[in-house]
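Order of writing sets the chain letters: A, B, C, D, E and F. Residues in each chain are counted from 1.
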């Protein structure tokens, strides 16, 4: 237990820094209060509309979306953190968990400060990204309206408050970079991971989200003027393809783990992987059915197809193993569930329950082949198969959405099987566009980080394990 | 005094211990070890790939006995730990210079 | 890392099989689409009614039932899987988890394909089982109605969509066979487990569910014409007695574990058992309060009595240990909680909060005696005490429901204490009927499996542990 | 496996005791039924009002509050139990979990029997505590109304049933003493813990809850006649300050663990601590947003500020470590999240989202300094830093609420920054009052227990670990 | 050269290590073991039934020292590891043929 | 017969095993141990305080070989386990009285 004069000084410096930040934050809040005063800009418009009448929300939707948001956070941790944490070697288990919880901390603040605005703000740069009109959540915060003598919370009449939509989307902003963690696990510097994730979030995730989910996005399903309106209910492109493809780039650019392919690197705790996978399954109900932003029939259908696709994924992957290797494994069953869930994600708002069986089987089989054949053939070390599972099943799902989408669920949008080949093309364009941005963005970011702070820990650290060298801790002290 | 180290199968431990106790050999120390020998390691799977786990879990028992008891102990272990299949393990015997009971300070055979 | 020509071939064969299945599925969907076209059958009737007006759901109920369904899945895994996984020896931890996740995969698909129809379809065979009118969910799927130009989702006006009811019930169809897993843990073949569970689900579970919960069931509470209308709010007979009794049969027919009673077989990870038990507790709120199929006062009462009974169960079991063995154990506390929860399950829609204390205490004490005295006296090896906990507490609960049910909660149905001795008789009949079917069904199925693929792994496999021999994996690699 | 004649006898004695209890419980229920008969007292009034019309609830609120209650239970276990369980040494992991599940059992029953009444009953003793009018939940239980021929559930029109409020509050009554467990972990007798918790709940918790949250409480925000109406939305004073301060008293009175400061006592399983912390995070949404007792905009704002404060807490604590010790740790990140969550708890109904960043950072920094500097300086052994995290962050949060509370969220109450210095004074008074009662109550109770059954296990037991000596079990048997 | 193997109680390890270090004996290797001896195993419970855990967790320390230092090391361990209760453990002494430091290739006493 | 005990770094185990196997030394027993020596323990943190973990995880391999093979085994271990940094570990050599293969009852060099 050590304290030294040097530390005392550092502490003070930091204290002062914190005070300054505090003061500046107050500044921002005031700024923001000003913005909300009715003065001829977009924010004010919302506000002045509200003077007429505060939006009346559907409180059942609020109830469900609160839960859905909580479920998506649970997906990140304990869910994903355990799924990944169990797959690495014992000496790196904490590093993976630390990456998850750090992203929960950092990405949340980044989203509030400017991420939300970049994704869902007004078009700038020709509509390829959102603007700064919602920085610090300006325009969507609740405020006291003196005329009505009440608090007005901006949002959709008959729907939910915008800050609830914001926080639901925030959880996506956390989980997407958290998924990528699996690609560079066991060897990336913590600092590099932080920088990469923040910049990736702002420069890759936010634009793609803007394309696909903001009202004017060029890939947005409900934007009538969209060039290629894609069906992506819960994030096949935005979440899974973007992260899966970026993961492949990471794996290639950071290189293989020491002794990869030379010594086996089996999961140190498959029970964690199992717990994590099943928590992901449960949490995914929030992810997909929550994407209805409502507790209605569409949400119910999304819930059911999500479950069925996961179930089919289990059967597909474990079944393949049973046939090929004579033994179905628990890792196979878990991976299959996740692959099925990824695959149904874009489709969950547009396919029927029987189709979900196909989607789940396809996701499971495609990912199985990617993880066992493709990866070994190409020899990249995507440690926890982020590309194999999220990238491949994400693409499979996006394509199948274009094929299987049915009016019976959407009431409108439909796919190839119901004669709409344009939809299939739109899906391909959306896949390609998000993949390209993910590749370009990731390559540039990783290169920059490599040249500055460096991507990878030293070899000695990698051997000893990141838990001790990056965080000064050990996962289990069982002696 | 002899030190007998036997590397045996996990699930034989209780049986061996009971057999030794029946021969009035009460003290022993047990360690979890992993063994590598003729017995082939088992195959495990990881995301569709198979690999061999070379080291097999075994249990090492260490017994210190006086010269006279040594052979009886060895025979007992041999009899109870044997299954007849590869991997039954080994017994190694060596000589000790001394033995002390910490609690009392007794040394030599007294201390066992 | 091995690939061989033989495997390649197998792969292809399987690929073709999958394609065929895919095609046939499409076939089924089309079939199903046809069925939904308004043409003089049951399904069509629903459809044509709907033309008049699509059902208007209570969206608060939808919000709650989405969560309740997710909670019941969480009970299976991580809940039950951890509860059971911690109780077995280390070498079998994955096998138990694998059984749970496989059931999540397989039973879900079986339910969609025909289980739901057997349980809730129209009476056939004299009403002792449901028919095939809802195979592949025919008649309850959402469909596009051209006249209304909207998607119509079949369901109850003022209630919830039928597919939401279906998926909630699906979770019960998973968890019930998953409970039985505890009886034959550490020695049953994985393949035998799969076959047994599927057939048991269709031949034992579905009929009992039809008796007790389908509108025309002969044990159904709200069926005025029922011979013996039993009060079973959330599955005392359907879930716990059926699985508990079947578990006893399994334990007897598969025989004791090697060295049972000769060497101690203590739980390898009581922390998992604890985590699992408390997750079961939380999830049980979905199970019991969700059985109201509504977010109303009845659900609230069910929620509260569930919690109180669990609490009383903890006190009962751990208290017994404290008195008898001088030390209250965590396994006792966890077992008591589960016993209390099982015991309140049938009663949760009909007893008051103070009665819940009695129900919980009774469940705890009865199960304690069953697990410690009865089992040791009769020397059967019900590895994780499925009969002792689910069977015994389930029966205790069913009987207590017949005694303590009160108009103060039901508004109608009531028990012995309020002078309705018929109800008590009905409860006994329902217990007996489900127990008999469970015994007969299980004996036949197990016999058949034993004669064909065999029930039990080889002795060498049992010694080495099922994780390695059945699944080629290890739970923890901590070295 | 031992059974002896002596035990048989004990068993019988206990059986008889149980029977007696059962009978007496029935007695109580009858009593209670009587009370509900319309006869000129408070309960009857409710009842007779209800005759006019049973309350019509907001079912969306019911849906949300069911979930919120479940989430708070999940905070206790697996949440808190894992958070704490991971921090102790391996030999004590079960003892901590056992304490949590036992409190789930015992405190629940105590709350139903009389705790709820002491907290929310009619004023007695000059209003400093609630009376006995709701003993055994008299007056708030559902009952059959013959006139209306329906079940009437007492509660708020447009709100939720009172028993739902009761069970939500029950969860707080469990978690608050469970928090204290961290202070005396690894050395307190199980029996002493039980006695202390029950008495502390009744004599410390219930009064403070009555002051702050019952309609006539002298610290109650919405009581117009309150002497010092404090803003405490979700339990800064009632839960965190009361438990944190009591924890400090416990740590001081029970003394240091053997060899404290001499040998390192690192957490035996940081992965559990991580799982627990993230479950706490997820569960806290129920805790804070549930405290709105509604699924409305206020709940949404509470949800969002809760998440943001947790995120800021992670950054604050892990950031401090990164600066001071050069390595951010996972324990730091987890502790920071909890500190941020504690700090936002009182504020969650009254501050805006940008302020939540400040609240979270302040909570993280304050707790960091308390746990690393203050504790080492004062040399008390608060094993798991209950005072440092809950006490300090709780007070920080209560003060910041007095500063940052804004009409933009509350529509009424506001703090120092909006010119209301009285509010700041009220906050200080509420902190002081709850701290004083906690200190006085804990000192007396601990002294009494020490003189009777004794507080601390024997030294040999402490060395061997409480799991074996108090419960006869081991956490992990991995050999 | 002597090899001293001491089986001691878990919670005595730090103390023994410090005492040896104070005597300038810096090198040692520690193994988790389970011991069976006169000390009775503890009772555990499982669903209301009691059973005895025969093997008790102990710690084995191995120290290689030159002949002269051996007795000092033994005495130090004896003094610090003793509690006076059954189960304090044993010290076994044997002779080594050789010792090598892998890093440098030094052999014999040099290597310690 | 000689017993060679080598305390080496964890991540060297596979390499050493393969090198020995290449020299036709097929049998060995491996134990997880913790070592204390010149190599400084690493620092860990706990709620903002740093402490030193004195004992470092190491791996002990035990190989019983006949006299002739002993030196080859020692050299092989030395070569493959060395990194040149403090903490590479030690090799201890002692003499065995006997060795028995449990499965067959073979003794002496036969049994290896």
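By definition in this document, a contact is a pair of C-beta atoms (placed from the backbone, for glycine too) under 8 Å apart; a residue touches a chain by one contact, two chains touch by 3 or more.
Source: prediction; values computed, not measured.
Visitor: Count of steps on the shortest touching-chain route from subunit B to subunit C?
Guide: Between subunit B and subunit C, the shortest chain-hopping route counts 1.
Visitor: Same interface as A-F shows up in which of B-C, C-E or D-F, over half of contact pairs matched?
Guide: B-C
Visitor: C-E versus A-C: which interface comes out with more C-beta contact pairs?
Guide: Top pair by contacting C-beta pairs is A-C.
Visitor: Per the centroid of Cα atoms for each chain, what is the distance between subunit A and subunit E, given in Å?
Guide: Measuring from centre to centre gives 52 Å for this pair.
Visitor: If you average the CA atoms of subunit E and of subunit F, how far apart do the two points sit, in angstrom?
Guide: Spacing between the chain centres: roughly 18 Å.
Visitor: Please tell me the distance, in whole Å, between the geometric centres of subunit D and subunit E computed from their C-alpha atoms.
Guide: Centre-to-centre distance between subunit D and subunit E: 46 Å.
Visitor: Could you check subunit D for residues that touch two or more other chains and list them?
Guide: In subunit D, residues 1, 58-60, 63-64, 67, 266-267, 320, 324-325, 327, 329, 331, 376, 471-474, 476, 478-479 touch at least two other chains, as defined above.
Visitor: If a residue has to touch 2 or more other chains to count, which residues of subunit B qualify?
Guide: 31-32, 34, 44-45, 49-51, 53, 94-95
Visitor: Just say which it is for the chain contacts: an open line, a closed ring, a star, complete, or other.
Guide: other
Visitor: When you check every pair of chains, which ones turn out to touch?
Guide: Going through each pair of chains, those in contact are A-B, A-C, A-D, A-F, B-C, B-E, B-F, C-D, C-E, D-E, D-F, E-F.
Visitor: Inside the complex, what are the residues of subunit F that reach subunit E?
Guide: Within the complex, subunit F contacts subunit E at residues 2, 6-8, 31-38, 54-55, 58, 60, 74, 77-78, 81-95.
Visitor: Applying the document's contact rule, which stretches of subunit D touch subunit E when the two form their complex?
Guide: Residue positions touching the partner: 1-2, 263, 463-464, 468, 471-474, 479.
Visitor: Write out the stretch or stretches of subunit A touching subunit D in their complex.
Guide: Per the touch definition, subunit A meets subunit D at residues 1, 3, 7, 10-11, 14-15, 18, 21-22, 25-26, 28-29, 32-33, 57-60, 62-64, 66-67, 69-70, 73-74, 76-78, 81-82, 85, 93-94, 97-98, 101-102, 104-106, 108-109, 112, 136-137, 141-144, 149-151, 153, 155, 160-161, 163-164, 166-167, 170, 190, 272, 470-479.
Visitor: In their shared complex, at which residues does subunit C touch subunit D?
Guide: 58-61, 63-64, 67, 71, 89-90, 261, 266-271, 274-275, 277-279, 281-282, 285-286, 289, 294-301, 303-304, 307-308, 310-316, 318-320, 323-325, 327-331, 333-334, 336-337, 352-355, 357-358, 361-362, 365, 373, 376, 406-411, 417, 476, 478
Visitor: In the complex, go through subunit B and note every residue touching subunit C.
Guide: 11, 14, 34, 42-45, 49-51, 53
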